[in-house]
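In what comes next, chain A is part of two complexes: it sits with chain B in the first one and with chain C in the second one.
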Partner chain A sequence: MATPTYTSLATITLGSSAASVTFSNIPTTYRDLILITNSKVTDSEIEMNLIFNGSSTNLPWVRILGYSSGLTTSSASNPYPTTGITGDGVQILQIFDYSATNKHKPFLIRKSFGTISWSDTIAGRYPSTSAITSITLDPFSYNLASGFTASLYGVAG
Partner chain B sequence: MQLIQHQELASAQSSITFNSIPQIYTDLYLVISVRNSSTTSAVTRMQFNNDTGSNYYSRLVYGNGSSATTYAETSASFYLGDHPQSTWTSDTFGSTALTIQSYAEAVAKSVSCETVAENNATTSWQQLSTHLWSNTSAITTLKVFPLGGNFAAYSSATLWGITKGSDGVTTVS
Partner chain C sequence: MLIPLGFLAAGGGGGAFDLLESQVLSSSASSVTFSSLSAYASTYQHLQIRAVWRGARAEADDDLLMRFNSDTGTNYSYHRVGTFNASSVVSAATTSADKMFVSTGSGNSSTANAFTGVVIDILDPFEITKFKTVRSLGGVASSINYLQLISSSWRNTAAVNSIQLYNYSNTAALSRFSLYGIKGS
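Now for the complex of A and B:
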């Protein structure tokens, strides 16, 4: 059997709506983390909080978005580079060197939302030298929908 | 991530196909390295389960170092992007890496994809794309193919399965 390179850490599929999901007690024995989610929420396409270590903090990020009206790029510093959708899609969050204690944590987010015709890529940074031990997805005043799935993987370095 | 199959072409071929994909994983991850023998087209496309209906949606964001643009289509196959064709720099192959989420479930299939078409000339591309297959059947067959011509010898494709689970330490609530 081939040696796996993605180690499954935890997974969740919601049977009913929920205000948020949190991955906790993430071991610091890997180099990178990858979170794959279908990002389903109960209402509209919305910005969704990405919270590391239980503290909502501004995350500097840069975006390139292709959609029906064309191509745009933007930048911001806020806690919501992730998106929730009601249709079909996949959102992949890749966090590099999440367990390092001597650097900030860069991340890449790829949003592939075919139902609403978006190709959306974000590069950002968690401005903390603390290792990441928890990740929360919280769609503000909306809820994660029944059928929401998220799976967290560790990548060894 | 578990290796399912690796294929490398010993000679030119019209497509690379993975059949009888095991239904035991959560997601699929595919990496291809291809060169197109056509002199007129660099386009690479993908189909699932030999479905030739107009069930494939693609949106691309791509740049060539001079400009960036977006493109969308609904077609009988996915438009993955462009890879080197025979008139481009010799011995140069382009790469695509893509993730297919929940490929074995009865849902529409979302695909996240990145493609690079390298060329030691003014025409080279980086392409980010999102795709949706509206068919809710589990994916058992995956085919990648050039729009014109064949994939050149030494083109390759590698398919992995990704399985969700728990390490017994990380919790989710």
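Now for the complex of A and C:
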């Protein structure tokens, strides 16, 4: 029997700048999470911390970035696999098996920032067997800008 | 700003994106198959598979492969763009293969507890007037780093009635494969 899925859990839109935004008490009844943001921040282009369960930890990630000057690939392990910009763009973060307690959590990020000519794709991993119950987006030393939006969805599985 | 979800989370909805089936491996398995898919043809236009997988072979990496309707003939084509350990962006293509590649990721010798996430879109699987197109995006960051965007084709106009997913050896326990239907207008 088909199960309706892709449930909207919460949406926020900032009417004024904020240091960070956190989705907390995420229910564990879904299989995957999808977070869609426009990633507007108060500086031109900065790394943004992706924090799970309130504790900043290194997140291994690998990326392919297409930008105005070409194509590049890189990998790292740090708390900021994602980015914010002052212009318009869209970022989709998919977290697989986020509530599982027997595996690490793989995630995929796709970003398109037309104003700076970026197309960015990232695969990463939250290296913990703990269920993810909160997600925080926190730009380095800057703020999320007025007009920042984030929508969190639960996907049954 | 703190957004507590708890009681605010809404359930159900009856939209266009439905979970059809899900398989979680309690032990390693030679393959995962979704069958009798014709039952969904009258309701859904497209299919999506969301998977978290790990190969069971004692290697750092493994490939996730896919076939339709048990077709083992050289009726598949695919093109892959990706990075392997971030050394460079590479691409590869095959026009006559006996299977589709849909993901490359962690084998059983990679970082413990590291699984590969992949989203596989199968467009118009039940149309009998066209070949079948597949798009997948997946990757893993562990002792090996893979990120790939793959386009594939099954050169057959038959409706898809079964989907088989498998690794070179077995697929490890705790791997999960979920099948979704997407309605048309």
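Throughout what follows, the second predicted complex is superposed on the first by the 153 of 157 C-alpha atoms of A that agree within 3 Å, B and C clash if a C-alpha of one lies under 4 Å from a C-alpha of the other, contacts with A are read in each partner's own complex, and residues count from 1 in each chain.
Simple rule for what comes next: a contact is a pair of C-beta atoms (placed from the backbone, for glycine too) under 8 Å apart; a residue touches a chain by one contact, two chains touch by 3 or more.
None of these values were measured; they are calculated from a predicted model.
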Original post:
Put the two structures on top of each other at chain A: do chain B and chain C fit, or clash?
Top reply: clash
Subject >> Touching partner for A:26 - first (chain B), second (chain C), both, neither >> reply: both
Original post:
Touch check for A:108: first (chain B), second (chain C), both, or neither?
Top reply: second
Original post:
Taking the superposition as given, does A:141 touch the first partner, chain B, the second, chain C, both, or neither?
Top reply: neither
Original post:
Does the superposition put A:121 against chain B (first), chain C (second), both, or neither?
Top reply: both
**OP:** For A:60, select first, second, both or neither according to whether it touches chain B, chain C, the two together, or no partner.
**Re:** second
**OP:** Answer with first, second, both or neither: which of chain B and chain C does A:68 touch in the superposed model?
**Re:** first
**OP:** Please work out whether A:7 is in contact with chain B alone, chain C alone, both, or neither, and reply first, second, both or neither.
**Re:** both
Original post:
chain C: which of 5-13, 23-31, 59-67 or 113-121 bumps into chain B?
Top reply: 5-13
Original post:
Where on chain A do chain B and chain C both make contact?
Top reply: 2, 4-10, 12, 21-27, 64, 71, 110, 121, 152, 154
Subject >> Sites on chain C touched by chain A in the complex >> reply: 1-6, 8-15, 17-20, 22, 43, 50, 52, 81-83, 85-89, 111, 113-117, 119, 137-142, 145-147, 149, 174, 176, 178, 180-181
Subject >> In the complex with chain A, residue positions of chain B that touch it >> reply: 1-3, 26-27, 57, 59-61, 68-70, 72, 99, 101-102, 107-108, 110-114, 128-132, 162-167, 169-173
Original post:
If you look only at chain A, which of its residues touch chain C in the complex?
Top reply: 2-10, 12, 14, 18, 20-27, 31-32, 59-64, 71-75, 77, 94, 96-97, 100, 102-104, 106-108, 110, 121-125, 127, 129, 152, 154-157
Original post:
Within the complex, which stretch of chain A touches chain B?
Top reply: 1-2, 4-12, 21-27, 36, 38, 64-68, 70-71, 88-90, 92, 110-115, 117-121, 149-154
